[in-house]
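I'd like to ask you about the structure that follows.
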Amino acid sequence: MDLVRDVLDKKLIDRENCPMGRVDGLVMHVGERSQPTITHIEIGGTTPWMRLHPAIARLAARLARMWGPKRGEPVKIPWSRVMTVGKDIKLDVRAKDTGALDWEIWIARHIIERIPGGGHEEEE
Amino acid sequence: MRAKLLLLVSVTFATACKPPAPAEQLDSALSWIGTAEMAGAAWVRHTTPDTYTRQTLELSHETLAQISNDLLKSPPTNADTAALNSVLTRSRGRIARMAALIAAKNAPDFARELDSLRVDHKIAKQSFNSIESKQ
Amino acid sequence: MKKVMEITLGIVTAVGGFLEMGSVATAAQAGAAFGYDLLWAILLGTLCLIFLVEMSGRFSAVSKHTIVDGMRERFGFPFFAIVLIGITVVLFIVLVAELAGIGLSVQILTGIGFPWWAIPVSLAVWFLMWKGTFSLIENGVSVLGLVTICFIVAAVKLHPDWGSAAHGLLPTFPGDQKAKYGFIAVSILGASVSPHLMYFYCSGAIEDKWDESYIPINRVIAGLGMTFGGVLSMGVLIAAALAFRPNGIDVQTFEQTALLMTTALPKWGFFLFAASMLFACLGAALETSLAIAYFFAQGFGWNWSENLAPSKNARFAFTYTVIILLAAVPLLLGIDPFQVTMMSMALTSATLPLAIVPFLFLMNDPIYLGKYRNGWLSNSVVAIVILISFVLAVISIPLEIIGG
Amino acid sequence: MEWKVELLLGTKICDVDGEDVGRIEELRVQRGDKACLVEAYLVGASALIERLSAWTLIRPIKAFLGTRKLYTIYQVPWEDMDLSDPHHPRLRVAKRDLRHAK
């Protein structure tokens, strides 16, 4: 399997097929003499912006502290949670519990639900 | 009102930052006389609303005023400035009167003004063409 | 039988949704200034669009991805971010032009200036997005857009000289006003090859759950729909050439364009024009704002669907809400809508490589498309047209700005 | 030590003698039950084409232009890559000992 072609930037879905972002980053563990392993998938936070430029990542972090769900750190999902790698990447998690949907929920509660006809985010 | 004012401002701005060649100005003047004529003809046939026609005539009038101003400031070489000015002023006056006649719902007078405007349009076209060919 | 219905509906959608502020403004200006000479630009742009739309439908049907999904996955976040910024800026200006088109249509009907309509119009567009479903937007608005067929009726009734019109289908070198000729040609190409149509179309294929069995349907819809659409554009150009050129009218404002059909269809021409522009621009405004929201949502992997309640895809709904409200601001400031339209179309041409080149990579990707990937014909047609519009844009936009 | 894969992409690689080899474009991994093991790194311009899955588009263009130049694509096994400084990764072997990936 080719990591960049087949995993990085792919869409992530949870156990219930709910979209939870894209693979913005991958954490690799490198030992002195042991074979390197991929340990985590990172979603959101400063991770994607870091790929553009560190200065943009710093700006994004500052903005995130001022506004929104105040979540600075990217969401980290251990690799052992990966169920299948195909068209999308399926994770053995519940999207809402991971924090990957913090922004979605924050915008739904603070903005969308307050506009008439927006509906409610909790309804299943 | 505000729309037109702003359009005028933007036209002024556009003309301010790039002075078009006199030949283009002449074409532009003809274009707006033609516009007034076409709008007038449509109104005479009762096919366009009063407000739209009046506004379009006013727009032609204002734009023509702007163009003649610019033209007189830097007239094209070999041009009979007096004749140029007279035909532009005459058509402008007719267009303004047409706009006023719509408000008064005076169709017969409007039609007469429109016919005269057509004649002026032809005269303007001929004199502009001769200016352009001389250049 | 179901397939026949689907094809008919698809073609109706394509035809009703083809014309918008940009294509009418550019075609009218071209006809008024250069007669039939620029018909080739519409032909070339439409040909390219047929291929692009067919390709985007096929991509979605086979890979179950949208173009934006593919772009992010193949080219990574940094490249995606650049395309996102470029496309969003251009689509935003296009959206401003479409909202202005709606406002101006109402203005010529009511006499109240278009800046006054900025807020009501953007609220109305937003409300349709907020409450409407995808099929309402795709089918409902496009069916109303069928009124634009009147442009062809008008063109035919003016008895064009079909022989010289046919000559216009071949590119000619302009005698004078070269800069203007080039700029209008670029704007026409930009108006025809509008990338938002691709994003909208392939997202629609996902929303309608297309699979490989839709490939022939997709081909017919793209081919016939876009051809009819291109003919509508040509109708506008021919009508303008016959209505405006004899009077020496150089179309610079919407008020002038409104006279397009007053001679051909004396009784209804003016109102048909207003109605056509109203529905055409409304459809295009919806499609453009949806395309921007799709771009963000798909690129970042958010939940997106025009069929869900806004709170079920909050970030998606939030994006189009912000975009539509922001687009009202330039209108309130009273920009010159005609200039904005021409510029937005030329900019579209200039940014086409940014949108299309990565798409060509995706269309040749065996992992996404398997045996359904592009042949050399599609690749070359699209590559050549994109190259032509880009080169023309790079030459003529600076000339237009300097004031050629 | 933990490194970010996405930041490693595009980093220039030197061999053991300091000679320029190319950029890291792709990581070939083996998915196990628990972990995902990095087997090899793909280095060089053609590795980028591989990553974009763009051979079907590039090959005809290459044939049309008649270029015979063989673009580089090295497959570096994990043992041969020294990642102790992620900004300046080095090979533990010489460039001439590298294997061309197919």
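Per-chain numbering from 1; labels A, B, C and D assigned in written order.
Criterion: a residue touches a chain if its C-beta (ideal position, glycine included) is under 8 Å from a C-beta of that chain, and two chains touch if they have at least 3 such contacts.
Note that the coordinates shown come from a computational prediction; the quantities given were computed from them, not determined experimentally.
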Central chain (by mean CA position): C
Distance between chain centroids, defined by C-alpha means - chain A, chain C (Å): 34
Between chain D and chain A, distance of the C-alpha-averaged centres to the nearest whole Å: 27
Centre-to-centre distance between chain B and chain A (centres being mean Cα positions), rounded to whole Å: 62
Where chain A touches two or more other chains at once, by residue number: 4-5, 8, 24, 51
Shared interface positions of chain D, touching two or more other chains: 6, 9, 52-53
For chain C, residues contacting two or more additional chains: 74, 76-77, 367
In contact (per the touch rule at the top): chain pairs: A-C, A-D, B-C, C-D
Partner chain C, residues of chain A touching it in the complex: 4-5, 8-12, 18-22, 24, 48, 51-52, 87, 103-105, 107-108, 111-113, 115, 117-121
Residues on chain C engaged by chain A in the complex (per definition of touch): 63-65, 69, 72-74, 76-78, 80-81, 130-131, 300-303, 309-315, 317-318, 321, 367
Touch list for chain D against partner chain A, complex: 1-9, 25-31, 34-38, 42, 50-53, 78, 83-84
Contacting residues of chain B [partner chain C, same complex]: 1-4, 6-7, 9-11, 14, 17-18, 20, 27-28, 30-31, 34-35, 37-39, 41-42, 45, 47-49, 51-52, 55-56, 59, 125
Residue ranges of chain D touching chain C (in the complex, touch as defined): 6, 9, 52-54, 56-57, 60
